[in-house]
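In what comes next, subunit A is part of two complexes: it sits with subunit B in the first one and with subunit C in the second one.
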Partner chain A sequence: MIESMLVFGLVNSAVLMLLALGFSLTFGLSGVANFSHGGIYLFAGYLAYFLLKMGLPYFIAVVLTIFITALLGAAIYKLIVIRVRGIVLNEVIATFAIGICMLEFFRWLGFVTYEYSLPYIARGRFTIFETTLDYQRSLIIVVALLLAVFLWFFTHRTKTGLALLGMAQDEYTALAVGIDSDWAATYSFAIGGAFAAIAAVMILPLGIININIGYEVLLIALAVTVLGGLESTKGLILACIILGYAQVITSTFFAPHWKEAVYLAAILIVLAVKPSGLLGKFKELEERV
Partner chain B sequence: MKKKKALWGLLVALMLLSVWSISGCSPQEAPTQVASGEPIVVAIPTALGSIEGRDGVRAIEMAVEEINAAGGVNLAGEQRPFEVVTIDTREHEAGIPIHDALAALERIILTEEPHAILFGAFRSEVLLASMDVIAEHKIPYIVTTAMTPEMQTKIAENYDEYKYIFRMCLNAPYLVMYLNQMMGYLETEFGFNKAFIVAQDVLWAKGTGGGVEAWLNNNNWEVVGFDVYPTGAGDFSSSLTKARQGGAQVIVPIFDMPQSGVLVKQARDMEVPALLAGFISPAAPENAWDVFEGELDGLINFIFEIGPLPAEAVPMSIEFNKKFGEKFGESARASLAGHAPGPSYDSVYVLKEAIERAGSLDGDAIVAALEETDTYGVIGRIRFDENHQVVYGMDPAETALGGAFQWREPGVRVPVFPEMIAEDDIELPPYM
Partner chain C sequence: MLDVKNLMIFYENALAVNNLNLDVKKGEIVGVFGSNSAGKTTLMNTVAGLTLHMKFREHRKGGQRITIVGQQNFEGEDISNRSPNDRVKKGIVLCRERHPVFRDLSVEENLQLGGFLIKEQVKVQESIDLVYNIFPPLTKLKSRRAGLCSGGEQEMIAIGMALVARPKLLLLDEPLLGLSPVMQAIVVQALKDIRSLEVTVLLTEQYARPIMPHIDRGFIIENGTLIMSGTKEELMDNPEVMSAYFGM
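== the complex of A and B ==
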């Protein structure tokens, strides 16, 4: 039981991390909470499905999906969010509306049947600690870790990443040294979209693509980001591990019924005790004051 | 500037489109109207975005088209066509409150003034709440999805108020009856005596799970566990681990949510050596084998009402599949839901016959005529019991029929239960 809990707790954490990385990155770098993340995630899922259905080879379909979804992310910022940038409430309403429009548009198109699914990248299983784990879930763990490392490296070791981070820390100072605010935000929306697409092609093969998943993704991303801290990659990883294992433990020792409540409880507790998140720094000073 | 305006226009159009699809009332004219005279308005307030809702509405439209093409309903000597109006209650989605679905029901009653309501509530919770609205408006209401037996209890307790409500689909106790009989068969045939139940956290599924659990406990089975998952849950590893460690030979899944497809794949991924036998809605359609990449081998899945599963013992079910495929395409037929299409199609004919017997559109007269129903449809023989539930059993010549099939290589659904429709014995899959 314990071995299984350890293994599937890790899988669960990795799934959460993949789902939240794009949202967290956009939030951390542009300061805009992109509530259309769930819609973008589902867009990527359906896009990959139709590209594969058209007969494209898997690798090409995946690369195209990631690229097109990144463009969609950038377009959302350039066409809509840019007009309300800086007015937090309007940003929330605009991105939320886009997300709802996308999800309901899919429903309107009739994507409600059970026929939409993506294939596993690799089929097969192996045994670890007497627990059988399939290749797909193993890959999810690997990809989640790689993306987290990439995200940390990108924001701390590349000029572009540092520019984005600078913009997130203090927009006026960043502008003063020549960093274009809109360029930075467009870039972060595009990367956020690409991350959502990667999450979609990794996670959606576990089941079937369904519109309601888009709403759940948003809640997950929000919970993880609030718990970990807005700009902190390490905080994000820590939050995913805490939530991932908390869910599996709740499900195993109490009842699966309660595990969804873990997200909401996490948001409430963190907002009450440490609003900047477990490892968030941006608002820490304000909190002390 | 023009571009800017165009973009905003596009956004507004998209939003309006979305709002319209969320709460919109979308009347649909009945296709061919050979019959003359004022139409008989049939309202469908349900979760149109669900697969059961979509297929149920299609089945109703198909029946309406057939009836209208054949001259319509003979109402006291005058041929009147049916007209269908729909409204989306969205009740199948997580987080949609019951009062939203009720508001949609009230709205279509007040704006369209229907003579009867078909398909009805998708969720049992909404059905129970709708009963008072129906009682107030006194409109005959035939439900073909929601399964709670509480509906019958309420009718039994207050017949005069709730007599307008009828149910043609399977209810939870009948599903329990079928599941229990099949568990008995598995015990006799394979010596199984350990089961694990996993159900969705909705009224009908929990009720069904509870019924199966009680029967198993009373029949010397060991129930290794009974887990309930909220709608939308996508990881079943803890239950599957418990099932394996407890030595469960049968896992009984009871779900109508799309995410339950994960359970099937995860059980194979974790190599759980147990037979899955129950209801997983995404695994019911004929095209599910391809969707699940062949991971369904051995799964026993129920079709709540014969119709979507063509069975030789019920010739009308074969005819129904043929006509549905011709009208909506093979792809639509192959994705037919395992619950609702059959009784939804039959409900139109049952209503037509009741109106003709009553010779009136008066709610009370139609109710009295509906109670006398004794006819055959794609679900078998159709008769209502004293609490307005269609009687289900094992012989389609005597009662309506539900059944189970087993997925087999190379992706075929083999009817295996009950005996009247079984085309082969249940086989244990290779992983057991």
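== the complex of A and C ==
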């Protein structure tokens, strides 16, 4: 049993990480909590479904989905969030409203039946540590790791990534060396959208596409970001591992429906004990200097 | 090169800069001196376009009302309505007060970001090497996180960042603020190096003494109003100026 808990805990952590990465990235880079993340995630799911239904090859459909969802993210910033930028409460209300609109719009369109599901990338299974694991779940782990590496590379080794980090740390200094703040925020919303699309394409095949997943994704993203601390990739990974294993443990020893309580408990405990998160480094550094 | 005409800036109804006329010619080092709240930083931020950005931002969220009146000309072109990154492209680069750096990035990455708008990586690397020549202490700190550097080191990084952007007109806002005399000497020495790069400099300072020997002309402002201007010699010969800004 221990072996299967270890393996499925890892799968769970990878799922959480894919779901939270886009939200956490947008939050870390532009300072805007994009509460429409769940809506964007489902948008990507339905988009991929319809593109595949149109008969496009799998690879092209996925690339198109990622690209269009990134554009959607950018559009959300350019058309709506830009007007309330800087007023935190309004940003939250605006993005939350967009998210709910999208989700309930899909419900209204009637996208709720069993036909809405995405295909596996690879079918089949193998046995590891006496646990049977299917290829899709193992691919999720690989993609989560690849995205983490890509993210580190992007933010530290490319000019654009550095500029986004710079804008997140000191807006006016970034402006003074010629980085445009709306450009940076649009970019970070687009990356957030692209990451949500990657997550959707990887994770949604595990079940049918369900409107309520959208709300759950938002809760997961929020829990992981709060637990891990802002703008810290290591914190994000650590938070995913903690939450992922905590879920497996609660659903093994208590009952599966307690799984959801783990997120809420994590948010509450972290906010009460260490509001900057496990590895929230901004405040820490300020205290040291 | 830079020509500011009848500049007035209001934050709500408070007057920060009052009918200011100021010009900088190519190749000069010009100083603007004044006490706290004289409007020095507002002036610098306005020339760099940051005040305009702040104005749009505040307007967008219905906050403070900022009014900018008057003309700002750079190389014969009116830049009053240009965005900050447009102005950086034209060659106006500001190094803000209190040595702001990107604190979670390494020193090298900070300098890299200075060259954000420069397409050729080779040129950026050249400029970074030049900065290490001007500020040798930075060479040892390349991979240190900028937030953990001392104030003096951060000032060097901040000036370095501005230099990597290859300015025609470098704006230095209180470069000596809060630095030890040793660090001040390094920054003042750097000013000479910057002049030899044929970069025009407009700088502000509260306490004029360490910087005075290195400027060509100076402006003295009080409560946003220009009260005196002249060459270095004219300012040094004025007893009131001497007592107010040099502590003599």
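A few remarks follow.
Just so we're on the same page, the second predicted complex is superposed on the first by the 282 of 289 C-alpha atoms of A that agree within 3 Å, B and C clash if a C-alpha of one lies under 4 Å from a C-alpha of the other, contacts with A are read in each partner's own complex, and residues count from 1 in each chain.
The working rule: a contact is a pair of C-beta atoms (placed from the backbone, for glycine too) under 8 Å apart; a residue touches a chain by one contact, two chains touch by 3 or more.
Every value quoted in this text rests on a predicted model; they were computed, and no experiment measured them.
On the superposed subunit A, the two partners subunit B and subunit C both fit, without a clash. Shared-chain residue A:L162: touches subunit C; no touch with subunit B. Measured by the number of subunit A residues touched, the leading partner among subunit B and subunit C is B. Rounded in steps of 10, the angle subunit B-subunit A-subunit C defined by Cα centres in the superposition reads 150°. By the touch criterion defined above, A:I267 lies against neither subunit B nor subunit C after alignment on the C-alpha atoms of chain A.
When the two structures are aligned on the shared chain, A:V92 is found in touch with neither subunit B nor subunit C. Contacts of A:V84 after superposition: subunit C is touched, whereas subunit B is not reached.
In the superposition on chain A, contact of A:S181 is made with subunit C only, not with subunit B. With chain A used as the common frame, the shortest Cα distance separating subunit B from subunit C works out to 14 Å. If you check the complex, the residues on subunit C that touch subunit A are 48-50, 53, 57, 60-61, 63, 83-85, 88-89, 93-96, 100-105, 109, 112-114, 116-117, 145, 147-148, 158, 161-162, 165.
Subunit B meets subunit A in the complex at residues 7, 11, 14-15, 17-18, 21-22, 49-51, 54, 93-95, 201, 227-230, 232-239, 241-242, 245, 258-259, 261-262, 265-266, 269-271, 281-282, 285, 287-288, 291-293, 335. Listed in rising order, the residues of subunit A touching subunit B in the complex are 1, 4-5, 8, 11-12, 15, 79-80, 97, 100-101, 104-105, 107-108, 110, 112-117, 119-120, 125, 131-134, 136-137, 206-208, 210-213, 215-216, 247-248, 251-252, 255-257, 259-260. Interface residues of subunit A facing subunit C in the complex, by the touch rule stated above, are 82-87, 90, 156, 159, 162-163, 165-166, 169-170, 172-181, 231, 281-282, 285, 288-289.
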